[in-house]
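This report concerns only the one structure given below.
Going in written order, the chains are labelled A, B and C, and every chain counts its residues from 1.
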Amino acid sequence: MIDLSAPYMQRAVLEMLLLAVPAGLLGSWIVLRRLAFFTHAVGTASFPALVLASAWGIAPQLAALAAALGFGVAQERLVGSRRVAADAATGLLLVGALAAGVVLASDVFESGAGVDKLLFGSLIGLTERDVWVTALVAAGAVGLDAALRRHWLAAGFEPDSARALGLRPALTDRVLLVGVAAAAVVALDAVGALLVTVVLVVPAATVRMLTDRLVPLQLGAVALAAVEGVAAVALADDMNVGAGPALAVLGGAVFAAVAIATALRARVVTA
Amino acid sequence: MTARDDVAAERPASASGREAAPTPVRGGLVVRDLSGGYAPGRDAIRGIEFVAEPGEIVGVLGPNGGGKTTLFRALLGELPIRRGEVALPGRPAYVPQTERARLDFPVSAFDVVLMGAYARTSWFRRVARRDRDAARGALERVALADRADATFGALSGGQRQRVLIARALLQDAPVMLLDEPLSGVDGVSAARIEAVFEELRAEGRTLLVATHDVRQAAEWDRVLCLHGRQIEYGRPAAVLSPETLRETYGAELIVLEGGGTAVGIGHHAHEH
Amino acid sequence: MVGWLTDPFGSPIVLRALAEVLILSLACGPLGVWVLLYRDAYAAESISHGMLPGLVIAALAGIPLLFGAFAGVLVAAAGIALVARDERLSADVGVAVCVSTLLGLGGMLALSPDSPPRLQELLFGDLLGVTGGDLAVAGLLAGGVALVLAAGYRSLSLVGFDRGSAAALGAKPTRWELALLVVLAVTTVAAAQGLGNLLLVALVLAPAAAALSLARRLVVVLALSVALAALAGAAGLVLSFHLEIAAGASVALCATVLAGLALVVPRAGRLAH
């Protein structure tokens, strides 16, 4: 099972448990508000910033957050210029960031191992500070969700009426994007820049197939993310790989199982 | 855009909205020389000018793209107004076309109606008990109390429309804007919706109802004919002449046998 | 100055790499234009990212990457298509689940301690390692893609600009949308070796985005897209040689910078949006 005597394991397990909070709360909104591509892009686009952070010795979370905000602004500008569609803009920025990261990395890292760690995460690489920052973001997620869930629900459900209902969707939606970016930033320590969605999207998507109501969705997603996260840490330690790939395979398998089960059940019901 | 503060009278608290006698609500709406649009340099609506009294239902007629939804957006404060002004008491309630709502959202009919109370609920607090009761009352008024817990997306088109109307009821606004609330709606729902309109009119509210049904509009208090600019405004008998309708609808017009009534066609695309 | 530009191509390795990117430009250039017009950028991104396990398995098994690429793309496309059918999950969520699972699986297979360390090449390409045989295969695939796109030009334009009327005008929408996805898959396979599964989409999307921004008429856009892709390829190789940076990444970066420049230039094209 899990050997909790090693400090790196303690940190890894704690990190996954803390990550489960934004994964469930904000992840549900990512799924409902169709922000999955954005989440993947924000995580991946932080890659060059992480390379620089490695080189200059600054906190990766800071660099990643700066990259995420830069990405968001660039995306908004591009789409606003009306010369390129949203997903094309995201795709271009994403691949540009990856290419830039690779070019920088050949200067910064002697071997490919550094790049692998950044892209796919590393169990051993988690520091105490990383865990504290994750705890902070988890608390922030709880607060934001409590304050803004109604706004996010109304704006997503039927955007035309949001302002008529007295809400301010432009502002609150932007806060949601910032919250998602912050969650991505802390997720990438644990699972790597390429795999942010395995934490933030997959558990919530899995639970979404099981329930039609918001509160069960969020709580279920938190629980599933916690269980899957800890199991992934055990698996990763066993097989000596990063937590990200382990969680990806685990989460994907659970998702597939639930998808098949619900599809079969629907067929039985209608038959 | 000038707007006075909300002067709606407080409704007495009750488990069902129908038990207390309707308290008068001061509706009323004044629009003066209103022009506005999205594209720079081009006005989608021009020269809109009319006064609607409290307790009146105004039918808004016009072809697709003719400005009905644009006018509503302007009245809601969502469209840049380039000229003119609007005076109305408080924020209008808005009932959009149901196709714009997401059917896969995890919301029940009750959850949707409850959105009408969001404006008066502060950040961290739960929606007040009184508003929850009022939400149930609103669902009763649209005859959907038994479907309060059903997922919104699982309801029929007519039922969804009634839920959105109930949401607007919960907002308790003196002025209500409804965008084609009866299109594609089954007979039972339509009858209930029209009955609610009568109740709202009796309460002193002002309703603006965008519609393609000329016969329907003929039964209300006033009619506003739009085609980018204002063609005509006034009592149905005076406004609904073949010439006015022809000018409003242009090529989309079918005049029925005898030249008595005309019907506008083609209402699937939504206008900006 | 001229020497600086031509020096890199004195080496046969770089010459072969140049041939590879020129060949790929023939396919990626026009394909990218259609991908953008049909709003399939997310599909392009996802299929290329999701093919990783196929590449890794091929590398581990010692078989040519081509087969791994084909299998990887098939699995990715099938997975994406399957997940897109659940009504409660929007398309982007399903695709994200599928792609991240596949990426993670690829990472797991590649990074477990017993695996030979070749992950970087698979992710970012091995442009300078292109052999004569690779060139032949790429030529075949890219040539096929270019032919299909040329032959389908009229139908693709009809369906792209007015899907509703296309059938009445003699083009079947679903058939051509499917054809486009198949062409995308083939191009992805062709480009995977040179540019890697993470970066190849740059050569598909970026020159096309630039071309759509700079030109008005579709024929010109298509030709310009090929030219810009070739330019990005050549420039990328020159920079890679002199600055000693990874070739594939250099090409991808040049392509995206080109797109960036074109998108800030005052608007000339009408087709972009």
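One rule holds for everything that comes next: a contact is a pair of C-beta atoms (placed from the backbone, for glycine too) under 8 Å apart; a residue touches a chain by one contact, two chains touch by 3 or more.
Every value quoted in this text rests on a predicted model; they were computed, and no experiment measured them.
**Q** If you take the mean of the Cα atoms for each chain, which one ends up farthest from chain C?
**A** B
**Q** Which chain lies at the heart of the structure, taking centres as C-alpha averages?
**A** A
**Q** Does B-C or A-B have the larger number of C-beta pairs in contact?
**A** Pair with the higher count of C-beta contacts: A-B.
**Q** Measuring centre to centre with CA averages, how many angstrom lie between chain A and chain C?
**A** Centre-to-centre distance between chain A and chain C: 26 Å.
**Q** Roughly how far is chain B from chain C, centre to centre by C-alpha average, rounded to an integer in Å?
**A** Those two chain centres are 49 Å apart.
**Q** Determine the centre-to-centre distance between chain A and chain B, using the mean Cα coordinates as centres, and give it in whole Å.
**A** Those two chain centres are 41 Å apart.
**Q** Which chain A residues touch at least two other chains?
**A** Each of 212 in chain A touches at least two other chains.
**Q** Multi-chain contacts only, two chains or more: what residues does chain C have there?
**A** 88, 90
**Q** Contact residues on chain C for chain A in the complex?
**A** Listed in rising order, the residues are 36, 39, 41-42, 44-45, 83, 86, 88-90, 92-105, 107-108, 111-113, 117, 119-120, 123-124, 198-199, 201-202, 205-206, 209, 212-213, 244-246, 248-250, 252-253, 256-257, 259-260, 263, 267, 272-273.
**Q** In the complex, go through chain A and note every residue touching chain B.
**A** 32, 146-147, 150-151, 153-154, 156-161, 163-167, 211-214, 217
**Q** Write out the stretch or stretches of chain B touching chain C in their complex.
**A** Within the complex, chain B touches chain C at residues 104.
**Q** Where on chain B does chain A make contact in their complex?
**A** 76-78, 91-94, 96, 100-102, 105-108, 111-112, 115-116, 118-121, 123-124, 151, 167, 171
**Q** List the residues on chain C that touch chain B in their complex, please.
**A** 87-88, 90
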